[in-house]
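Here the chain labels run A, B and C in written order, and each chain numbers its own residues starting at 1.
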Amino acid sequence: MTLVAAILLGSERISIFEMTEQGRAILFHIRLPRILLGACVGGSLAVAGASLQALLRNPLAEPYLLGVSNGAALGTLVAFVFLDGYGFARPLLAFAGAGIATFAVYQMAKSRMGMNVERLVLSGVIVTTFLSSIIVLLTSLLDAARLRGYTFWLLGDLSQATYDGFYMTLAAATVGTIVLSSQARALNLMMVGERDAFDFGVEVGRVRMIVFGMASLLVGTAVAASGSVGYVGLIVPHLVRLAIGSDNRLVVPMSAIAGAIFVVLADTVARTAIAPRELPVGAITALIGAPLFIYLLRRANY
Amino acid sequence: MEKNWNSFKRSLLGCVLLLTSLFIGCETNRPMPDGPVSGAFTDDLGREVRIPVPLNRIISLAPSITEMVFAAGAGDRLVGVTSYCNFPAEAKKIQKVGDTQTPNIESIVALKPQLVLVSTASQLEAFASMLERQQIAVFVLDVKKLDDVPDRMRRLGDIFLTKEPAYVAAAEFERRVRAIETAKRPSERPKVFLQISNEPLFTVGSDSFMTELIERAGGTSLTKDISGGYPKISKETALAMDPDVIILSDSEDNKEPNVVLNNSKAVKNGRIIRVNADILSRPGPRLADAVEQIAGSLNK
Amino acid sequence: MLKINDITIRYGPCDVLRDISFELHEGEMIALLGPNGAGKTTLIKALNGTLPASGEILLNGTPLFSYSRREIAKRIAVVAQENETKFPVTVLEFVLSGRFASGSVFGWESTEDLELANKALEECDLANFGTRLMNELSGGERQRVVLARAIATDAKILLLDEPTANLDLAHQAMMFRLVRRRCREAGSSAIVITHDLNLASEFADKILLLKQGTIFAAGPPAEVLTEANIREVFGVTTLLDRHPASGSVRVTAVY
């Protein structure tokens, strides 16, 4: 239904009953790939958020806030600058960047006392700002005109959607969601405590590697295709848990669906709010996400 | 020994500069036609700026201003420009002081300029007060329309006391633009889409001088009613506009029209005009070249 | 069921546990006593493989390290000191998560899992708590849910780390009675850490008294709980007598 609504809404009015040549071109070559890509990106980010939260026992864990997205963004920039951009270099390096950032945050946040909210959020902030500074450094060293597109893309932008990008993201989203759903039962125990999970038969180290790897894959391909769309991984799993509880066997796949709907809706707003101009979709998601983050943080039990 | 040599070099340089400035000073002492002499001028922010006499050390913080200063006959008094200033060729040899957005205040002060010409109002207040504390005048030139270009060149001539070359250049600019406007052209104006960058797709809006430039060259800009200067436009809208002509601001990342324009009349008929981005996007004297090039292609 | 031969654990330069040997038989309930820092929790962690230890731990005659995590979890269930979760998990979900090792990794719980979970909740006096949220429970209620999760695993060996710390008088007794009944009737066995010498005396078949990482005394409560042993290990003078109703040793500290 969201998909249909999103298809019908756009900066150009199209009547499906009197389809012109031009209407068809707009629908199938511009609007549809963008909507499909948005759905995959949303699903990927929400699933990555939901499983990272369960793994780190922290409902505030989010790819964007943990610096994972920025790691992927840096990877993409490197691909863009040194390997001339397209093909598989972009998602591959984004994946690598996301993986390294995830690992760095995890290493910084854990201590012998375990991992608390403050340590995790702080480590995320530090990794994020560090990576941002490298991004700024790279962009200022390089030709400004060439990187104008990149800086806009950094904010999270779906306007460069192509079917190729969609297929790549769809593949990663499908694999990631299936693999992470398969770990959901273990995550139900991890969510309560790593020691508990270990005591009750979970191979904690292996599950952690799988979740980190898959989350990096999901975030990496999503960021390579559309930049850092923030807060999706925070908002969506939170709403899903409100609706259906905390069982990850439901939360993970439902987050994929809800994330897809959420980003498609946000992008529809981004496309139409000030048409024919456009907003980056990341601005819309952050507009909703940042206040929610504060609200969650202020609630006593977090 | 080394130190002595260095200080000798420095004093030699000083002598050369002094001689040069004296020489320039002689030149500027030519008798002037009536009109204002150097003193206080109002800049484009409405500020009263006192200009020292004689004025020998100028810094320009925008490529368009550098071009105007040269056109106004005072290029040899520029002691600092931005890293983007590449025209005319002499500008490349002048000391660089950073770029327009992030000028290096220390390099600027070290060059001991008497006047700094800036185009943007961003961070200007802090910047200006810092320079003014060092007895350096800051003058803002904000070119919004095509007609502002000759007007500002004349004002620069007034400030530099180089009225003759400045007024001649300004008149020449106006003559060239008027010639285009009065030339015979097709009764129906071609619909033009100006592409600033390919991905993401940026164009020109109502506030850009390029929109006016298209109109005066004989076209009509499809995006003239979109608010703002350089909006990112929806690809759907761009496709639906179906332009007759596409102008590309020719730079490394903007060689071809965006793929969504592939089925437009412009691409089908090969009516794509590539204008060097430096010429098209700098609100300076070379806009006359841009108008001529665009008009030439539009009215073929 | 569990045989421990000469295990030693060291953190950095000092031994936390040294040369511990004992055996846990079927149907037996052992109380692990000792002052703070004596190594009780470390020992529990070694027994289910959480901490690596030198020496030998045999589970049903086979070395512990040759079992996989899931195989160990099917046989040994742990009730650790309580853990708070920030997610809205229901009590039933929490207890069912204990069935992880018995089910398939990916799948959903069977009706058998559900029955075991509900039975465990009933036994722990939590019959109507299934749909309540974990983070809305009191500390004592939460601790009973943690016990229910361990019982729901149907593991034959229970390791309990201070399970009564937050419980009221009635539920303290309930918990010990429940654990002992499982030992007597279901062929289970249990090791319980507690600071309550009287509960240990009342319910345990055997007491291990730990002091600075070694076993100071081991045996039936009446033999281990002597005035001299308690003074030596805890540094407290006590009066010993017999409980008027059960006849077991009763310890009263003298201040």
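By our rule, a residue touches a chain if its C-beta (ideal position, glycine included) is under 8 Å from a C-beta of that chain, and two chains touch if they have at least 3 such contacts.
The structure displayed is predicted, hence computed values, not measured ones.
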item	value
Both-way neighbours, i.e. chains that touch chain C and touch chain B	A
Farthest-lying chain, centroid of Cα atoms versus that of chain B	C
Identifier of the chain whose CA centre is least distant from the whole-structure CA centre	A
CA centroid of chain B to CA centroid of chain C, Å	81
Euclidean distance of C-alpha centroids - chain A vs chain B, Å	42
Approximate Å spacing (C-alpha centroids) for the pair chain A, chain C	43
Residue list for chain C, restricted to those that touch at least two other chains	none
Junction residues of chain B - those touching two or more other chains	none
Touching residues (chain side chain C, partner chain A) in the complex	48, 50, 69-74, 77-78, 80, 83, 85-90, 93-94, 97-98, 100-101, 103, 105-108, 135, 149, 153
Sites on chain A touched by chain B in the complex	10-12, 22, 25-26, 29-31, 143-146, 148-149, 152-153, 157, 159-160, 271, 275-278
Footprint of chain A on chain B - complex, ascending	99, 197-201, 223, 226-228, 231-237, 239-240, 242, 251-253, 260, 263, 277
Residues on chain A engaged by chain C in the complex (per definition of touch)	53-54, 57-59, 181-182, 184-186, 188-189, 191-193, 195-196, 198-203, 241, 245-247, 249, 301-302
